[in-house]
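For reference, the structure is listed below as structure tokens.
When the chains are written out, they are named A, B, C and D in that same order, and each has its own residue count from 1.
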Amino acid sequence: MKVGFIGLGNMGLAMATNLVKAGQQLQVFNRTRSAAAELERSGVPVAASAAALAADIEVLITMLANDQAVEAILFGQPDAPGALAALKPGTIHISMSTISPDLSGRLAQAHAAGGQAYLAAPVFGRPDAAAKAQLRIVVAGAAAAIERCRVLFEAMGQQIFVVGEDPPQANIVKIAGNFLIASALEAMAEAFTLARKHDISAAQLLAIVNGSLFRSPLYENYGGIIAEERFEPAGFALRLGLKDVRLVLDAAEAATSPMPLASLLRDRFLAALASGYGDLDWSALSRVSADQAGLPSVIPPASS
Amino acid sequence: MKVGFIGLGNMGLAMATNLVKAGQQLQVFNRTRSAAAELERSGVPVAASAAALAADIEVLITMLANDQAVEAILFGQPDAPGALAALKPGTIHISMSTISPDLSGRLAQAHAAGGQAYLAAPVFGRPDAAAKAQLRIVVAGAAAAIERCRVLFEAMGQQIFVVGEDPPQANIVKIAGNFLIASALEAMAEAFTLARKHDISAAQLLAIVNGSLFRSPLYENYGGIIAEERFEPAGFALRLGLKDVRLVLDAAEAATSPMPLASLLRDRFLAALASGYGDLDWSALSRVSADQAGLPSVIPPASS
Amino acid sequence: MKVGFIGLGNMGLAMATNLVKAGQQLQVFNRTRSAAAELERSGVPVAASAAALAADIEVLITMLANDQAVEAILFGQPDAPGALAALKPGTIHISMSTISPDLSGRLAQAHAAGGQAYLAAPVFGRPDAAAKAQLRIVVAGAAAAIERCRVLFEAMGQQIFVVGEDPPQANIVKIAGNFLIASALEAMAEAFTLARKHDISAAQLLAIVNGSLFRSPLYENYGGIIAEERFEPAGFALRLGLKDVRLVLDAAEAATSPMPLASLLRDRFLAALASGYGDLDWSALSRVSADQAGLPSVIPPASS
Amino acid sequence: MKVGFIGLGNMGLAMATNLVKAGQQLQVFNRTRSAAAELERSGVPVAASAAALAADIEVLITMLANDQAVEAILFGQPDAPGALAALKPGTIHISMSTISPDLSGRLAQAHAAGGQAYLAAPVFGRPDAAAKAQLRIVVAGAAAAIERCRVLFEAMGQQIFVVGEDPPQANIVKIAGNFLIASALEAMAEAFTLARKHDISAAQLLAIVNGSLFRSPLYENYGGIIAEERFEPAGFALRLGLKDVRLVLDAAEAATSPMPLASLLRDRFLAALASGYGDLDWSALSRVSADQAGLPSVIPPASS
């Protein structure tokens, strides 16, 4: 298929590369052109603009940082016309970024007006999973469009979950999932702090509780990172975690739902940012709990 | 071994029965004697008082509801002398109730003064796990005493985790574990409420998030209960959940540790109690989130 | 002075009327023209559009519901050109609505580009204070412009507080003030619930605590409303209270400041909305605390 | 009247001195005898023990640090018989300490059994108010006993509030009052942090908001302390503030009332303790908000 791919960050570059490997006919665009250098060397055309890329494709895939970036690319900016106006009727836009359900709904409307199909297809998985084509992809939109794109999803992910026909539902599932992970991070942070204060190591508590109760690879993985405070390199930056919690709170407010645990997470993320942890892995949220209890880092400072 | 067992509730009766099956020489005591009827019919001696039971045993096991019950049994009450004074030096007391680390520490001191060993050995598992001898037992205390009692633990549980030599540490692990479970309940409650408000079923969100992220039997089990609101019969009553959160908060305060998520849970449990959910399973905590967002029960009311 | 006034709601109509009484040369605009009927009968010209009104005035005053309304009026909409483009250089725009510091900053920039002065001048006070020209006005902007407009402020308010030269600072003070009031509402709500649960009337607790400690007319006034649950008519609607808390949280996030009490208020307001209290006075926030503790209304239901 | 006074701390010494000045026939007891030195020099008898003091008095007044101290003095300890057993029938015990409603209820029962009257009469006011006999006294208990003691209350305070006949009600009012103050501290802390982050001084925000809205001497006083961070000497130590919040939470739990703002305060006090602020004035709670937002102290460090 003729696929236009916009957004070549940590995740997007790996996903685009997997599409090329799977034999798809790709062209790409990235605001910072240097990110496309490797693909370009291997023969993938690099468009001069989002609008140029959009003109002659069957499927547009966007994998961008946030709502603002997606809006700028699709709707355009004073100095850069958007992709939306350039898309032919019949094109399918697969929006794989973690964006708000609200923007996802507006994109669905805009594409409907332009005769295009719109799929929301956010992903679970870190850059290493993207590289191995092991993402989990949550899709919502018209069934026929999903089926047409299945071969693309399969080139990027190991599991495809179809949520329903209304695109924002996939975005809700994505941000609800991130909320559940962040909640587990905070819970472990507080439990580990309590344990350490009573001379039980975080690792020991984790081994018992996960071994006997949760038996979850996610708890094991993140619990281990927290226990050892291995927050660099960041698999998912803490400041992006705050962004996703804000999306959750906005979606909850739109639905008149109090979410006190999400509110708590928001304040903890803000405290983490104010402490300078914004570029660490989001599991560094755990340092807020430790700091507030007066616990030092588990990592001894390097001797000089 | 000559074992005295006090506390024949849902959990204790099953545990005592398994000890008998394993060939241990049991005698039992329960404040309400009727709970001992079945064991008595199968030939297990029933003591007239805690003190009477304590007089001639090698190991005392207590499995009681809370701190107050354990204090009454061990230290006695105006009308009922306690077990402590009746125990011979050399006896081992295994305290398997979920009690405060503080009381556990005081029991350790009292037994040390009396020449007895004291093990804290709280358990994870519901009554059905107790019946199948599949409890997970978290033990702390003197290594030699633990080894002597290992045969008893193996008759009641499937896993034994030794935390250390200081008994209250086992109690910390137990209540930290319950805190982690309750945190997961609240997180699922809020996420499911958000999903339902956006026309996504709780079951669907759970299947995707647990299938792709947590892969935890605990999330699957409790998530299913919450999604279907199957809160009766209670595996673990909600009002006992509140008790355990209070133990967590007390232990945190003793260690000067803020635990805002535990504080949140406390308020949610109180709201649940005020709504009349105290005797439901503690996963009914999820109704607080649903109620506050104005969501009706997923269970249609029975037609008349 | 030639003053254009846009926004004739509960507050704006009273403020505009006071300017007329003070001899200012007013013309007005309101999206729903009927709100201007009374002023029109007394000879005040009613403009056909915001842009028409803006063309020939010295001072533009806006008193609108929220950011969206102010943006629509100033920047225009597809079917209605905005006031901004029509303003002559040298005009002063006094923005008295409770809007975000962020929008206030953008307006300041836009007006600077157009050669106009911009003052942020939000007010404290309910409609009855507006009617009596007893508002408290918090102003920020260029000192010269403030001095030129002082006569207008004095026609509408009893106190004028000059915060500084940067307009968004006045908006910060306004929303911080509303945050402090909402915090007092929640604190009284919880304290009164505790008292009522222990058979002490809210009125008695209020009389003692305010009489001996706070001695604040605000506590006395709102405390009395809460004690008697006189939530209608709404002096300030609860759903507007939620809007202001959101402005606080946004401003806090922009400044990387955790505000857990503001987060708590947000969740309480959402629970209040979900309970159907959105059109009551914002002191009905207190019903959330009472509801969650299972307390009935203090107002006996009317007999039929 | 023959009055026995126990507890000569900051508050108690001033109160006892005022009773002497008013011509009452005092004898005193304090665990640390040196605190009584000044009174002793002016001729006030100092009892050797609480029990000795209790033997021949008409009224017993206790002004002690917390529940534990009151229990030790009244009910006795292994090495020190309590006052309770030594009191004659007909004596009135006025308990002026800030203690739990629960202990107050138990004292009421114990005194009823001994034929004594029991009044709970906690006070609002700092040491300077105690010195000037300007305390506010909240009393509950039998009306006749209150009337008999009115002359004593008038010697110590400027206002006497009679709550009802059930002593614990006065304790509820006292701790609810402290909860309301602590809530105002936290609200100001967060608002001031927000203001400072937006380059508005705390003093300026306070002047506007209190001047136009609250008009409360309490806000003015505490707000000024927070704005200037004058936390020493402590009028009321932060660690005692935590104690009172705990009393509130316990009383709320006993009444099945969620109090999320009280829970928030508890966590903030714990964070303050962990930061080493326990001996500062409880308004130093505000440093937690400032710290978490990364704001430095307003007090420049002394140059060396």
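Please note the rule applied: a residue touches a chain if its C-beta (ideal position, glycine included) is under 8 Å from a C-beta of that chain, and two chains touch if they have at least 3 such contacts.
Everything quoted here is computed from the prediction, not taken from an experiment.
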Chains touching both chain A and chain B, listed by label
C, D
Where centres are the averaged C-alpha coordinates, which chain has the largest centre distance to chain C?
B
Pair with more cross-chain C-beta pairs in contact, given A-C and C-D:
C-D
Indicate the whole-number Å distance between the mean C-alpha point of chain B and the mean C-alpha point of chain C.
52
If you average the CA atoms of chain A and of chain C, how far apart do the two points sit, in angstrom?
38
So, what's the distance in Å between the C-alpha centres of chain D and chain C?
38
By residue number and range, which residues of chain D touch two or more other chains?
252, 256-260, 264, 268, 270-271, 274, 292-294
Footprint of chain A on chain B - complex, ascending
101, 124, 136, 138, 159, 161, 163-164, 166, 168-169, 172-173, 176-177, 179-181, 183-184, 186-188, 190-191, 193-195, 197-200, 204-205, 207-209, 211-219, 248, 251-252, 255-262, 264, 268, 289, 292-294
For the complex, which residues does chain D have touching chain B?
246, 252-253, 256-260, 263-264, 266-268, 270-271, 273-274
Show which residues of chain B lie in contact with chain C when the two form their complex.
260, 270-271, 274-275, 292-294
